Amino acid sequence: MLLVAQGVTKRFGGLVANDRVDLAVDHGQVVGLIGPNGAGKTTLFNCLAGQLQPDGGRIVFNGRDITHWPAHRVATAGIARTFQLVKSMGGLTVEENVMIGAFARVDDPEEARRQARRILELVGLLDVAGLYPGELPLVVQKQMELARALATGPKLLMLDEAAAGLSPEEMEGFATLLRRIHREMGLSMLIIEHVMEFVLPLSERIFVLAGGRKIAEGTPAEVTRDPSVIEAYLGEGYARGL
Amino acid sequence: MTLWRILREAFTFSDLSRGERIGLALLLLAITAFPWVVRDGFARTVAVQFLLYAMLGVSWNFIGGYGGQIDLGGAKNVGFGAYGVALPMVLWNWPFWYGLPLGVAFAVLESLVLGLGLLRLRGHYFAIGTLAVALVWEELFVYSDWTRGARGILLPFKRPPDYAYMQLTPVGFHYFIAALFVFSLLWLNWFRRSKLGYQLRAIREDEDAAASLGINVLAAKVKAYCISSVVAALGGAFYAVYYGFIDPDSVMHLDLSIMIAMTALVGGAGVLWGPIVGAAVLIPLDRYLGAWFGGGGILGMDFVIYAVIIMLLAAYQPKGVAGLLDAFARWRAQGSGGGAARVRPVGGR
Amino acid sequence: MDLVLDIGISGVLMGLVYALLALGLTIIFGIMDTVNFAHGEFLMLGMYAGYLTYAHVYPDPLAGVPVAGATGLALGVLAYTLLVKRLLLGPPIAQIFGTFGLMLFLRYGALAVFGPNLRSATEGLVVARRLVAGGLTLDAAKVAAAAGSALLFALVYYLLRRTRLGLALQATAANREAARYMGINTDLMNLIGWALGGATAGMAGALLVNFYYVSPTVGMVFSMITFTTVALGGFGSVPGALVAGVLVGLIEVITAQLISPQLKLAVIYLVFFLVVLFRPRGLLGAR
């Protein structure tokens, strides 16, 4: 197992956003994390990424206990992440953005530039390298953010609602890109998502959160037929009706 | 990074536009030729003041410009450098070159210790914090007998040219500050092209994103803050021997902190030559206002004008002159048929 | 024992004035996430408004309080309309040095117009008078300032909690976007926030004229004390402003008594650092 989260708990005042959640991602696996709004997906995500400190539980990555590690340490350990609202560093060009990612592994700016360009080529963004993200459409910014994350040389890539704001065609393109990266780089992935058409085809395994707890786990087919999952999303009426 | 590599990076300006490179070359020429061409004593003092403030603006740029952390307390480092040279000289007859490392070391140490705390603060909290720190230091220097308090320190007179105590001829002083200024500019140039420079810019754009990419935000900020202190302290050391008299009001006061920040902001924070342009605008302005309002004029009017400039900049062009040039270039590019996306911002990378 | 009581009361009295100052600043912050660097200058100009009323209209600083309130209100409105409104459109860096520029403008403008000389009021209902109550001798001016501050604090609190306008202000502070959807004119709320901030700071200043000296440079010190108070109470928290104000007042007098009057400010700044580093949301804040 590449990433194991056991009993992760996070409270905000009186609200328990994550209640003893378990999650696991194996080497080379693509795992989806779904659940209705407010289920605690992003909170869990941020706990894994080191942006938030969990109140309870353990997170083990590649054999190391990273439970209380800060974000930058988690990143250098090999976990890369994207953000729900794209954080394209608008004052830097696309190339410079990706270079920042490359600097996680190299010290020399020229080497960083070379690696950045290589990744941009892999992702298909080489011809916009000199432009500023603000001038580019959302889907390209997301691709840039992906490239930037990849430049850090991660073992695990975590995507936070990558499909948000994309048209069906753009989503299809992005999914194809992710599949290609998964294939060519053997990268493990954890994908939080709302959009079922995006995440279900991509994932080998799905974890479902609702109300801060994990309520189901399994293959996409198993999970979509699970009554408790249907109930969480659509309410009791639908679940009973099946 | 080998020394050779560092030097090579410091002298690389190839990513700047041709206009910028020509400008810098002309500036270098002007600085070198100046004392031979201009003999007027007053003009020479203005030139020295220009170079000193440009240098202090450069120091601000490391943390404030490229780092995006507004430092409102830069004067304290100038004070440390100045007192570091002046106190031992007056107490134990130490030469300039013994006091200089003392002042610089103190500045760096203080920045390191306080920076580890202060730089965890974001945005306005950091700004308020730097203000508070600088105010406390000024108070301490004013009330402490060790530092001679508000009376200040008069440096002992040595016949120029004295290279141990750095009492030089006017021409000598000009080249001294010119050398210090060029040194700091080269340092900034190395910095902006280095990994640390990129990291700081990433931090300036988005701290959370930067951390998610493996950047130790606090460590990077502290490094930039310490570099900034060194350069400012060097400026302070020069101030002490050039003006021959220092007191908390001249080297540690809020007014100086404001001037330092303004110099960089007016020209363009986060731009290599920003502080140069800023100094070029502010020093003549300062002189002009001083002549108009000074000597029986209205106290405080000069800062009223500066305040208006700051407010106008903040409201309409936070990027200063560099921003104005950017906007102009973009307007020009649009006129010639689109391709606005290809316009590179001023100041290179 | 008497000394302790003396210090305690002194601290609380001054603390109530700080609470009023913090209230204005915390309202502005709560509504639009901006720190007003010029808050102390609003106080300073309120002091001058109060003093000038005292000197030219009616020889009692208390008469200056409403004038100072109006002045502060006008200043707040002008500052928002002419400057802050534009600043909100820019990057956060612009907001910082924009209100910083405003601070400089008001500070040095006052210096230019009024000159650097200190002024103080010498006559008035409570000026230099003693109040004897329950075996204690108190400085009447400080009591008046504290009472005035407490009264104003209560008035603003009532405004916030019991009026429709206050509800709208709170809503804007809680969630700007949602407030807009509810039909609240958030721009107007910003304006009112600044008007309130300016008015309260101005009146606090006028109340201080009863015992404090008037000078163009007092603004900075009060700004810093107010920042500390707001940070301690929690940015955006009204009850926090009250509690923290009193605490800061106490800290100030205790430091002056136990350590040294010179180090009052240093200790207050230290408190600021400790709070912002170790408990950024303050005592009662939510952020």
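In this document, chain identifiers A, B and C correspond to the written order of the chains, with residue numbering beginning at 1 in each.
Methods note: a contact is a pair of C-beta atoms (placed from the backbone, for glycine too) under 8 Å apart; a residue touches a chain by one contact, two chains touch by 3 or more.
Note that the structure is predicted; figures quoted are calculated from it, not measured.
Trainee: Among the chains, which is located farthest from chain A on the basis of C-alpha centroids?
Mentor: The most remote chain is C.
Trainee: Can you name the chain whose C-alpha mean lies closest to the mean of all the C-alpha atoms?
Mentor: Measuring from the global C-alpha mean, the nearest chain centre belongs to B.
Trainee: Compute the distance, rounded to whole Å, between the mean C-alpha positions of chain B and chain C.
Mentor: Measuring from centre to centre gives 34 Å for this pair.
Trainee: For chain A and chain C, let me know how many angstrom lie between their CA-based centres, rounded off.
Mentor: 46
Trainee: With chain centres taken as the means of their Cα atoms, state the distance from chain A to chain B in Å.
Mentor: 42
Trainee: Can you list the residues of chain A that touch 2 or more other chains?
Mentor: Not one residue of chain A touches more than one other chain, so the list is empty.
Trainee: Which residues of chain B touch chain C in the complex?
Mentor: 68, 70, 72, 117-118, 120-121, 123-125, 127-129, 131-133, 135-136, 139-140, 143, 254, 258, 261, 265, 269, 298-304, 306-311, 313-316, 318
Trainee: Give every residue of chain B touching chain A within the complex, in rising order.
Mentor: Residues in contact with chain A: 1, 193-195, 198-199, 201-202, 204-206, 208-217, 341-342, 344, 349.
Trainee: For chain A, which residues are in contact with chain B within the complex?
Mentor: It is residues 49-51, 70-72, 75-76, 80-81, 83, 87, 89-93, 96, 99-101, 103-104, 107-109, 112, 130-132, 135, 148-149, 152 of chain A that touch chain B.
Trainee: Across the complex, what residues on chain C touch chain B?
Mentor: 35, 83, 86-87, 90-98, 100-105, 107-112, 115-116, 216, 220, 224, 227, 231, 262, 265-266, 269, 272-273, 276-277
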